[in-house]
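Before we start, here is the structure in question, set down as structure tokens.
Order as written gives the chain letters A, B, C, D, E, F, G and H; numbering starts at 1 within each chain.
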Amino acid sequence: MNDTSEKSAPSPAAAQTLDLGFAQLDLDRQRRQGAPETIYGASKSAEQIAKIAAALRDNGQIPVLATKLAPEKASAVAAALGPEFQYFPEARIGRLGPARERDGLGSIAVVCAGTSDIPIAEEAAVTAESLGNEVIRVRDCGVAGLHRLLSRLDTLRSARVVVAVAGMEGALASVIGGLVAAPVVAVPTSVGYGASFGGVAALLSMLNGCAPGVSVVNIDNGFGAGYLASRINHMR
Amino acid sequence: MNDTSEKSAPSPAAAQTLDLGFAQLDLDRQRRQGAPETIYGASKSAEQIAKIAAALRDNGQIPVLATKLAPEKASAVAAALGPEFQYFPEARIGRLGPARERDGLGSIAVVCAGTSDIPIAEEAAVTAESLGNEVIRVRDCGVAGLHRLLSRLDTLRSARVVVAVAGMEGALASVIGGLVAAPVVAVPTSVGYGASFGGVAALLSMLNGCAPGVSVVNIDNGFGAGYLASRINHMR
Amino acid sequence: MNDTSEKSAPSPAAAQTLDLGFAQLDLDRQRRQGAPETIYGASKSAEQIAKIAAALRDNGQIPVLATKLAPEKASAVAAALGPEFQYFPEARIGRLGPARERDGLGSIAVVCAGTSDIPIAEEAAVTAESLGNEVIRVRDCGVAGLHRLLSRLDTLRSARVVVAVAGMEGALASVIGGLVAAPVVAVPTSVGYGASFGGVAALLSMLNGCAPGVSVVNIDNGFGAGYLASRINHMR
Amino acid sequence: MNDTSEKSAPSPAAAQTLDLGFAQLDLDRQRRQGAPETIYGASKSAEQIAKIAAALRDNGQIPVLATKLAPEKASAVAAALGPEFQYFPEARIGRLGPARERDGLGSIAVVCAGTSDIPIAEEAAVTAESLGNEVIRVRDCGVAGLHRLLSRLDTLRSARVVVAVAGMEGALASVIGGLVAAPVVAVPTSVGYGASFGGVAALLSMLNGCAPGVSVVNIDNGFGAGYLASRINHMR
Amino acid sequence: MNDTSEKSAPSPAAAQTLDLGFAQLDLDRQRRQGAPETIYGASKSAEQIAKIAAALRDNGQIPVLATKLAPEKASAVAAALGPEFQYFPEARIGRLGPARERDGLGSIAVVCAGTSDIPIAEEAAVTAESLGNEVIRVRDCGVAGLHRLLSRLDTLRSARVVVAVAGMEGALASVIGGLVAAPVVAVPTSVGYGASFGGVAALLSMLNGCAPGVSVVNIDNGFGAGYLASRINHMR
Amino acid sequence: MNDTSEKSAPSPAAAQTLDLGFAQLDLDRQRRQGAPETIYGASKSAEQIAKIAAALRDNGQIPVLATKLAPEKASAVAAALGPEFQYFPEARIGRLGPARERDGLGSIAVVCAGTSDIPIAEEAAVTAESLGNEVIRVRDCGVAGLHRLLSRLDTLRSARVVVAVAGMEGALASVIGGLVAAPVVAVPTSVGYGASFGGVAALLSMLNGCAPGVSVVNIDNGFGAGYLASRINHMR
Amino acid sequence: MNDTSEKSAPSPAAAQTLDLGFAQLDLDRQRRQGAPETIYGASKSAEQIAKIAAALRDNGQIPVLATKLAPEKASAVAAALGPEFQYFPEARIGRLGPARERDGLGSIAVVCAGTSDIPIAEEAAVTAESLGNEVIRVRDCGVAGLHRLLSRLDTLRSARVVVAVAGMEGALASVIGGLVAAPVVAVPTSVGYGASFGGVAALLSMLNGCAPGVSVVNIDNGFGAGYLASRINHMR
Amino acid sequence: MNDTSEKSAPSPAAAQTLDLGFAQLDLDRQRRQGAPETIYGASKSAEQIAKIAAALRDNGQIPVLATKLAPEKASAVAAALGPEFQYFPEARIGRLGPARERDGLGSIAVVCAGTSDIPIAEEAAVTAESLGNEVIRVRDCGVAGLHRLLSRLDTLRSARVVVAVAGMEGALASVIGGLVAAPVVAVPTSVGYGASFGGVAALLSMLNGCAPGVSVVNIDNGFGAGYLASRINHMR
């Protein structure tokens, strides 16, 4: 008799988890949430990443994404995993297995304020593409030259979700939030210096934006924004 | 000849804006973004709120919501606007005009961690209901007694969007984020004391959550969460 | 067939939770963790507190503690609950039902640095006494007059757990941590001004103490310290 | 023989300073910097303010401004100083003596993002008017409804200096900074809640704005912005 | 006659302290607190570490632990101290002398949220093992896949003390705190990026956890948690 | 035989401490440090303050100072202690017993930047006078009108210690630090608004001052500055 | 028919923007704001910088400035752009094309507090010179030796705009603000250590300066100060 | 006729300042403040340091100290200045010219909490010795082993000034402040990790210490403490 309500029935849980010693893989993620577990690559070794990725693939959890993956580490992972593994240097994402077939309902616009924000924008874009979405990239549209943004309004308004990526003062999210009717996922970046405090200025700006319809993810979390945008874009 | 590209054509802009002296009402908001401008009621006088609300209503922008509205100020607004104006004391929202007809596609679950978080959860719920959504309230499901949350899993999983409202350590958002496949909008609240720093602990916790699919709005911004959830719930 | 492992079996969970609408009471807490749920009284109404307390008592979860309870609110709760309810004004704790019989193994020393820290020290002491512990109070032993502390060393060393309560610079915890062999639970208080930042100085000081064997709870969290000390003091 | 170079010759300095015991009035300010000393009214008594104002006036330093002056205190000051003293309740400024004749070269546009920012915008406007400038007020032009701002572009572009006043995310400063060729003085306000942190979000946003030509004053420092704008507007 | 009460009698103090010039070794620690002084290895030279360790050993204070010891420095220390010295690379701990015999009363569970948290979890585990405790390692059980944690509940509940190690949002400590009856020592780690602020998000989350019975040590202070857990596990 | 070196010999310690239950008075302070214990009056009741003050006086520890004492509380204390008790309203200090005879070697200059800083400057001045020092007050000498300070240079240079009190940007301390050869004790005050953050701006400014010979006490800690200045002024 | 007021007329916008893929160049900037777009060189590759600079030059937007340009990156840019490109190593600015003819009305004084602040002061100076201004450099005039500043008063007072550059406590801005009648643009620098917090101390000091007429730009933003000073110096 | 009171008489000022282009040397410092200008060596080149040092020496301002001087830079300076230049590697101080003759009145005790704090303690000690003081070094006396400090009480009490150097929680300053009658100069160090925040924890602890007679200098500012201690020790 099972009388402790938090405890899952033992056998399914065991079946859904693969124990690698240094990692417990969540093999239920794809079924439960529509996408496999993603590997945060910054503080794992290449060997750990390759083992996790291979194990996920072997259990049908594809594509496997590894984020925040430095180029040298990516080379080591690639050597271990072979040609099925692809590295996107600008996005610093490694992917094992092909992108999912494009099954999102509309397009996702990934807009960034400046050239320096492109890496995080690409992290969002590659994530969303890998998860089956059409992505439209709109780059270097910061508010200092507003006409650059306004000239792309039709593009923005045609998207089903907008991802707004900006460092420094992060005003882009507010301005877009006031122009479109789609959900806006704002990504503050650590681009800037001095009182940008590694992205805090942009983060606070985005959290306090006066335009509703905007929500925010962690500083430099392009992956999270792309993932969430994909989830929304797949809602029927 | 119009040679400055940022400048809108003068006449439509003028037509879309109503100048009350102390406020420029955005009469294009409903058309452009699917919902009227909302009044931030904390630092406006009752007289200002009543005037803005009436002007918006007179221009077909309904329902008009005024948020962060203290009870005494609400009484004064009600006196000025008559029975069309309704006050939701727990949510501290005033509304002029009826809720929109329920035209959202699914339901929105508004979950809060503790009894003290109910006011902000209600702000989200009343906002979403006013904008035409079915709302399911799940209260006092903090992670200290996990079975309370787990026993409501079916409810959470049936919702099209989940709004997770929590103060203190804000762990609720992460836990829900790992359990559902719907987008999760996290609302940190200022409930707590000491090192909660007026909601900062919950905010940071929610921004750093390891479960993807979660995005965050400002501390105590129940309105923003309800609004965004409604926007997502109306996507077809 | 239940295939989602996080979901508890529905019936026990339902049985263990009492739904008051604004609160879901965790009736399993006493069994699971050895003490009933505690009511955080700061942001609940007197009516809510009285209802929760009564419901917990009616389900055998006693004594019920309500913390951070202002005197006026306590009066209203007392009026609702009758003589079984007792208020400890210095500790700002209300208690429904008698303290548990003294079944802790040793004594708990609650030491505070200054007279101004007494309320938080009392919150710890009343909590520990209510949960069945002998408590020894050592007051006003800040490090500015070290002999006051050193003259009480025998007392401190005879305790099974020491709770160290201090505001301002919080040095008390480090100094005690270097003198005793028992676990030390440090409670920073918000006593101070200027660069004490509402207890942050003491909190950081306690977290960085060079004496091992010390752990820290939230600023002004006398309850948490008393609760944890009781848990340790009951270990056999 | 005077051999310490920092020391001014004693007599002129003595002549330029009026000693009231609790205050040393700088009677050289008007000559040296083109405007008299201003009284920071928040933490002085009505009696002190009235005495300082009268002494400055008696020495030809007019108009005298007292900022951050609460209404009740203003009444007491008015009672002491008579009809020459005028109170601007929205700006919370008291003024002894008439505004200087309008001798600024162009106009100063004072733009604010929302209705709640009007008090600080008025502090800037009344300061600038008192110092001899034509002021154009543009209110409630936040970026959530960009057309409100764009429809006023001609006005903004005709000004010699623009003061941009905004709370919350403070994006107004950046957007204006990209649209006009005049110097922009940005004033963050403490309007907002949650992660606005009393104006910090707007302050950081304005400091990190990607549009050059913008500089920033302290949170809620409408006076400083109006004063600086006047100084620039008087440059020949 | 000794008339200054703070001053210890000179001779015993001298006897208990060994003066190395750059360090005063506390030879009374083992007797007074049950475990020898530990060497904080981050900012000492290999030579200093080796000398301190040897001197402690020569005075019967073993095992000697040196924490936060980088691999290269460890090699130099090992060269000086010979085979008695052992280095645990994952934990970055060096140890001179064997672990104490296992004399703790129960087991200590060291749980970590993610693979990246393993180094700090190992610091806690190696510390606890060195001090005579049985340690059970539970890895990669973050709340994003709750079933991984729930499937290990029996293990967690069988432990006498639980050490919960987590970076990012640190929700693990709260969740465990609600599930077990043992004292929980929470260790925030600096794992994460952006608004994790080097562990601050996890620290605040853990301090504000709504589950009682949890206390917190410094960010990345695995040693402190292992030490405290050992102290509790040795209480009789 | 005394074998624990931290423990004072029991009898003197007991003799030097007077136990009032809520406070342990350090009766050795005058002998040990040249001045009696001071009462921090902000968070003690009038009754507690009066009892402590009387007990200290009765044991020859005079004058007794109570700082941060609000006027109403002071009235209650005065009623309890009679005419020997004197209240300094500007300094918010209560004193039981006469000031010590003037036995300091030179004078102490207490300089404040603005009229709003006078209360903290008076706290320093009354403290220093009570402890037997000649105090020279120099008020409203902020750097915005540098000649006011420079005209008082002879006074500043004749002092044996300078206390520099300033809020807002706190530049006064640096400027004085570059002009005099005496030790400068800097006191940041909480005067200001916006980004002064309750005195943090002044505190940081003073800590980073490029003129050596300056040290800093807590924000608004006039007492600490006056006390330290007195200690230095009594050095022979 | 154009019915969305925010949208610029398509053709001019297209004409004014040059799309390089990774950057959208604002070719309207010179006309609209009197100076071309500037390249933030810190996080762009040499190749990107060279391409942007060449494209701006080819469209008559000269001189092109690239700021925060490290020496090695500058070499690569120089190799791509040829002798028209000039690098200012102290200022870390690269410039393509000659400085504009000197058409500013007066001079700009760039004052720095210490030798370590020279790089940021040079960033301001080179920017201002490139934009057609006479610049007077006043170096190492920190307030610790006030006579150094006072001996240059005539120079400072003859300038039309003063740029004050200082790290550490940043008092220079306040002191200058009290001495001159020209607008003062304050630049906090990240020079310092400890509680300077990378320039925060100087930033806060400058924002809270009690001398009016001072405004502030971002930490280390010499470019922004030079640009704004130029804009003011060109006002007729 | 001199009519501007802030301006020094031109000739003495010119005489007292030596212009090296990149630096204005204050040749009046020795006369005015009793010790020459010190060189902050962290952000100057070896060439700049050597030139400044030589120029100061050539003008009789000796000894010249250069602080925060890295070893490699010191070698380059030594090569330029010859054997008169001496480098203190532990203190990271370079000195040109011999220490002043010992003319301080008493001794200065420099106490540090741990071995890792020795470099900053040495910075204070070498500074004080260079300025003519006898220095007593007391090392590794942190409060975790209180008897180490108490056994040195006679030494501490015999000093005329005590410099207390500590990182981590910085409790040493408070404890010493309660034990001695001399002025205590507290130096927080950046030693520590996690929530020590580069010395902030120690800084706040020291600012909030409940023992009077303690003042604080910047984090890691051993020089400032040694300089101030010397100034006090020379008071007659």
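The definition used in the following text is that contacts are C-beta pairs under 8 Å (C-beta built on N, C-alpha and C of every residue); 3 or more make two chains touch, one makes a residue touch a chain.
If you're wondering where the values come from, they're calculated on a predicted model, not measured in any experiment.
Chain centres were defined as the mean of their Cα atoms; on that basis the chain farthest from subunit C turns out to be G. Chain centres here are C-alpha means, and the one lying farthest from subunit F is A. A turn of 90° superposes the CA atoms of subunit E on those of subunit H, with the angle given to the nearest 5. Taking each chain's centre as the mean of its C-alpha atoms, subunit B lies 35 Å from subunit D. Remark: subunit B and subunit E have CA centroids separated by 45 Å (rounded to whole angstrom). Chain centres here are Cα means. That of subunit C falls 25 Å from that of subunit E.
Subunit G has residues 4-8, 12-13, 16, 28, 32, 114, 144-147, 150-151, 178-179, 194-196, 200, 203, 207-208, 212, 218-219 in contact with two or more other chains. Those residues of subunit B whose C-beta lies close enough to touch subunit E in the complex are 113-114, 142-146, 168-171, 174-175, 177-179, 192, 194-197, 200-202, 204-212.
Those residues of subunit F whose C-beta lies close enough to touch subunit C in the complex are 4, 6-8, 10, 12-14, 16-17, 21-24, 26, 28-29, 37, 40, 42-44, 48, 52, 68, 188, 190, 198-200, 203, 218-221.
In the complex of the two chains, the subunit G residues touching subunit H come out as 114-116, 118, 139-141, 144-145, 147-148, 150-151, 153-154, 179, 191, 193-196. In the complex of the two chains, the subunit H residues touching subunit F come out as 5-6, 32-35, 38, 146-147, 150-151, 160, 178-183, 185, 203, 207-208, 212-219, 223-225, 227-228, 231-232, 235.
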